[in-house]
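The data blocks that follow each hold one structure.
After this come two complexes, each holding chain A, first together with chain B and then together with chain C.
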Partner chain A sequence: MKSNHKIIFSGPVGAGKTTAITSISDIPTVRTEEAASDETKDLKDTTTVALDYGAIILQDSTRIHLYGTPGQKRFDFMWEILTNGGIGLLLLIDGSDSNAIKNLKFFLSSFKNFINKTSVVVGITKQDVNKKYNLEEYQEVLNKGLPVVPIYEIDARSKKDVSLMVETLLYTLDPKISI
Partner chain B sequence: MNIQHNSKLKISLNNLDDITQNTLKFFFKSNLCEKAELNINDDNANVLIIDLDRQYNKEIIPNLKKSNQFVIFLHNEMNTPLSEENTYNVTKPVQVKYLKQQLSFIAQRINDIEESNDDSGKVNTNSFAATAKHAQSKPSSQSLGLINNKSPTQNFKNNHLNMALKKSTDSSTLNQYKAHKHVGSNRDINPDNPEELKKIYHNPKKYLYHHLVQAVKLGKDNKTDVLIKTLFGSLFFDYKSQILFHSFDKAKMRYFKSSPLFIETKIVKTSLSEKAKKDYSIGQNAESLIWQSAISASKGRVPLGTSLTQTIEMTSWPNFSRLLVFRYVIQIAAAWSTHHMSLLDTASQLKIPQRYIFTLYNAMLAIESAKINNVIDNTKKINRDKKKSVFSKILSHIFNH
Partner chain C sequence: MNRPNIANIVLSNLDTLTENTLAYFINSNLCQNAKLALSQNNIHIYILDLDRKYDEYLIQNVELHQQHIIGIHLDSEQNPLSNRMTLVKKPLNVSELTKAIDKVHQELFKPPVLPTPNKETKTKHSAKIKHKDQTHRNLYNAIDEEKNEDDIHLRYKAQRYVGNNEDVDPQTDDLQKIYINAENYFFSSLLEALSAGQSNRSTVGIKTSLGTMIYHYKENLISHDIEKNKLKLLQTTPLINQASKFSLNSSPPFKEHVMDAISFAWDTVIQTSKGRLPENTNLIKPVILLTWPNFTKLRIFRHAIPITALWSRQRISLVETAKLLVVPQRYVFSLYGAMNALGYAKIGKFEDEVTQKSKVIKPLSQQNNSNFFSKIMSHLFKRK
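Then we have the complex of A and B:
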């Protein structure tokens, strides 16, 4: 039986989790979106209410599952379930949100146990649209000795950028990977 | 040959102000509704219309568009238009005839590309292009994936991931690596041999990047603009935008970055008039230019006096998504981000030629994301992850696709 592995995408509403999964998925992304009703409504018309699912399918048919968590904090009970057995976390933060630093701290704290067991790469999206903080300000939140957390300004629509995040995640887990 | 008529140009309006957006909506509705389809922030559009005056960092703009997309920049006369490939400019206030003209050029180009790339016997004749068949189009130097329905992301060509993998590397790219474009051609040295040791050191003061670093530091410390006077002309650091401006063309700049010519360089605080600033027509994000210059100067070498055996302290992770990246960069940075290792130890543990490690260290030192720590601590070895097999497969997969 083929073993399965999963990479978790998380972050607040509107950070680009669904888009990022779509960028690198080899299958059409399964989205569980509903019309937004709460405070999310101010940010976008629909939002992920259960999870997003995509997959990278390797040559030997092994599936690397790509799971996107719902962004709303009230769904945090699902986060632990989704991360169980995950390879690592790709955390996306909406850089145009004035709460971006606060959100980064919140999600790092929420996934602390998972991150400690695995690894995390942070992607700041929409920096080109309406940048609220410089990358250095995000780095100040992260920098507390080793490990140094990778953080990039990314475009969630760009396969190149999302692939870079995956590459970085894997190398931080094992810098000796040879291909 | 199967010819499809009347395919519409897909236009996307990106982050425009309400007035401009509504004006353009009216324009398209009244003039071009049969020839163009207008949407807001449409990822799959052929053409993006972007307001260059709306807080866009010019370094980021090329990343807004996908490889098969065209861009029309709206800009005021004071703002320098961009001359990237597949970009067109329209001066504000927007005049319908000029916008229409640029759209005609683009439609014609798409049509030309479709015809030249048609390998399926199917030609999409764009109705907009048909009206512009006499329009003079810019020469195309890039094959776009518009006719074969490839997703834009399948067309990215300059991805370092692609370049990093031998299997997927075509001969020209492989030759590029063989030429050691970024890291030089130094062989691994024996640090106990003084003659070999000499080869891996350079004097930063002779290189452009060192002076750029000093200028940016002076600007940041004093919250002021800075002028860098060299024998070949001046560069200007704009403190507020963190952009280094100059007027050197690409060839000159490439030469300056790698040549040890900057021995009589002066760095002074300045407050140039708006008129004087116009002499510096080319701007680049300061960190990005310093990074590139440090790589070009290094070519597999480190600054004089750098310890090869003391451990490296990585202080922040470079923003590799917006910097020039060469082979092994992510792997080396990942090792430094998780382990205390020296330069020599990194090379031996990762089994990577020293020149790659030295070049990356030089660039990271220049942007202050790494430095030598004074503690000798080579005891920590990298342990392999038990999932290494699947990790290799995932990497191979993303490099190949």
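Then we have the complex of A and C:
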């Protein structure tokens, strides 16, 4: 019997969710992109309108589904549907966006119930492009006692960085995993 | 000029790292009876690697010239190749090497007859010897090789930085071997310089016995003019009486060797730590994780993520951490040492543990996911 496991990638438009999924997916990423309209078109030409889908396929053929949520707030009704039964959340924030801190707070609050049930790892992208905040400023938002939320500066194109996020997510769920 | 009653040593046919390490050791204050020979005229001792190709002519000639050889070797069956040869087994143990040098030194120079020291001198002398022994022991712990069990985990090459100390029982064991005096190591000066640069918003020059570093506070970068091998020595070897000095200045950066300052500082603490802790670190009070380290930019070693994950959700002591995760304490100590040095973690009070007792990990293993997670991890590691 094939199990239904999924990891959720979320974050604002242009944070690198599609790229991150592609960098660790064992299958070509399925994208539901459309030409961008509204404020999104200032950020990129196309954007995810329903979801992105990739998968990690284990040796025994078990699939870990990788779902990317659409970034626009008006699709937030999708978020709850997508997170249902998810292992945990990888939250990507575009570090070159002057609203990055605001976005971080917004997404943490939007996924609060899911995070409380599972776990979250935050990845700040594009810090090497045009960094608007230092990592310490993001950490200040996150570090309010236990649990201490993991946060990394990442390159969404790097398999190593995204794998580290997944690894961290799994260890925060169960530090006693042995490999 | 060669000093009287100091044996002059020549290092012969050693690999570069061993040669640099021994050169540094011999010229430090840890080696009191010998120094590296400054010329070929007055050589007393050759240190020779018997496992590498060596010049047999040299061995034949030491008797002729009344010289000595300290032969370092791996083979337990190795016999001295000359009656003027003293053997020291690898991996090099600093106290054994010092013993060998002192023995040869005694043969070379008649020991002076010392007047009976008065009580005060005697106390000072004992304290000095005690300090020196401790330093040797610490250095030994620092340069010894890692255990083979660690070699299999290639992903975490940095595991070599956790040393090979056995676990300790805080109630019954001598804890000296798990502690280091930070002031004896370069990282202490480095962190002080970084902090001074940040608080004064100034470039900082760090002068060391092996070269100069400049900390550029705006970019949070370090540039230096130190060779790679020497840099490693600087990071790992005690700097007895050679503490690095720093000063606020506006030196231009060196063009080569530019590194991220935090990554370098982290690396230096890890390399120094070798599974040991800063002196007086409490083993049974809870660890408080203040910030999750940015591991995409820092050297990570085996068990670093699960240990941090545990601390991120639970107040638990260093010793209990190792016990709960079933990992050798040295991994926990190395990680905590680095986190503490960079301000990511500290030791709390017992009250913190009580306050936070209700907040412990909610393992998904309740849903029997542990094996499944292991499979995902193995899959990810295989592809890296």
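Following the convention adopted for this analysis, the second predicted complex is superposed on the first by the 179 of 179 C-alpha atoms of A that agree within 3 Å, B and C clash if a C-alpha of one lies under 4 Å from a C-alpha of the other, contacts with A are read in each partner's own complex, and residues count from 1 in each chain.
Heads up, the rule we're going with is that a residue touches a chain if its C-beta (ideal position, glycine included) is under 8 Å from a C-beta of that chain, and two chains touch if they have at least 3 such contacts.
Being a predicted model, the structure only gives us computed values, none of them experimental.
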{"item": "Room on chain A for both chain B and chain C (clash or fit)", "value": "clash"}
{"item": "First (chain B), second (chain C), both or neither touched by A:78", "value": "neither"}
{"item": "Which superposed partner A:170 touches (first chain B, second chain C, both, neither)", "value": "both"}
{"item": "First (chain B), second (chain C), both or neither touched by A:139", "value": "both"}
{"item": "Partner chain(s) touched by A:157 [first = chain B, second = chain C, both, neither]", "value": "first"}
{"item": "Partner chain in contact with A:101 - chain B first, chain C second, else both or neither", "value": "neither"}
{"item": "Partner chain(s) touched by A:129 [first = chain B, second = chain C, both, neither]", "value": "first"}
{"item": "Partner chain(s) touched by A:24 [first = chain B, second = chain C, both, neither]", "value": "both"}
{"item": "Intersection of the chain A residues that touch chain B with those that touch chain C", "value": "3, 5, 24, 56, 58-60, 62, 64, 87, 135-136, 139, 143, 146-154, 159-161, 163-164, 166-168, 170-179"}
{"item": "Complex contacts: residues of chain A adjacent to chain C", "value": "3, 5, 24, 56, 58-60, 62, 64, 87, 118, 135-136, 139, 143, 145-154, 159-161, 163-164, 166-168, 170-179"}
{"item": "Parts of chain A lying in touch with chain B, wherever the complex brings them together", "value": "3, 5, 23-24, 26, 56, 58-60, 62, 64, 87, 127-130, 135-136, 139, 143, 146-155, 157-161, 163-164, 166-168, 170-179"}
{"item": "Chain B residues within the chain A interface of the complex", "value": "15, 43, 55-57, 60-61, 63-64, 66, 153, 156, 159, 161, 165, 314-317, 319-322, 330-340, 349-351, 382, 384-385, 387-388, 390-399, 401"}
{"item": "Chain C residues within the chain A interface of the complex", "value": "289-292, 294-297, 305-315, 324-326, 356, 359, 361, 363-365, 369-370, 372-381, 383-384"}
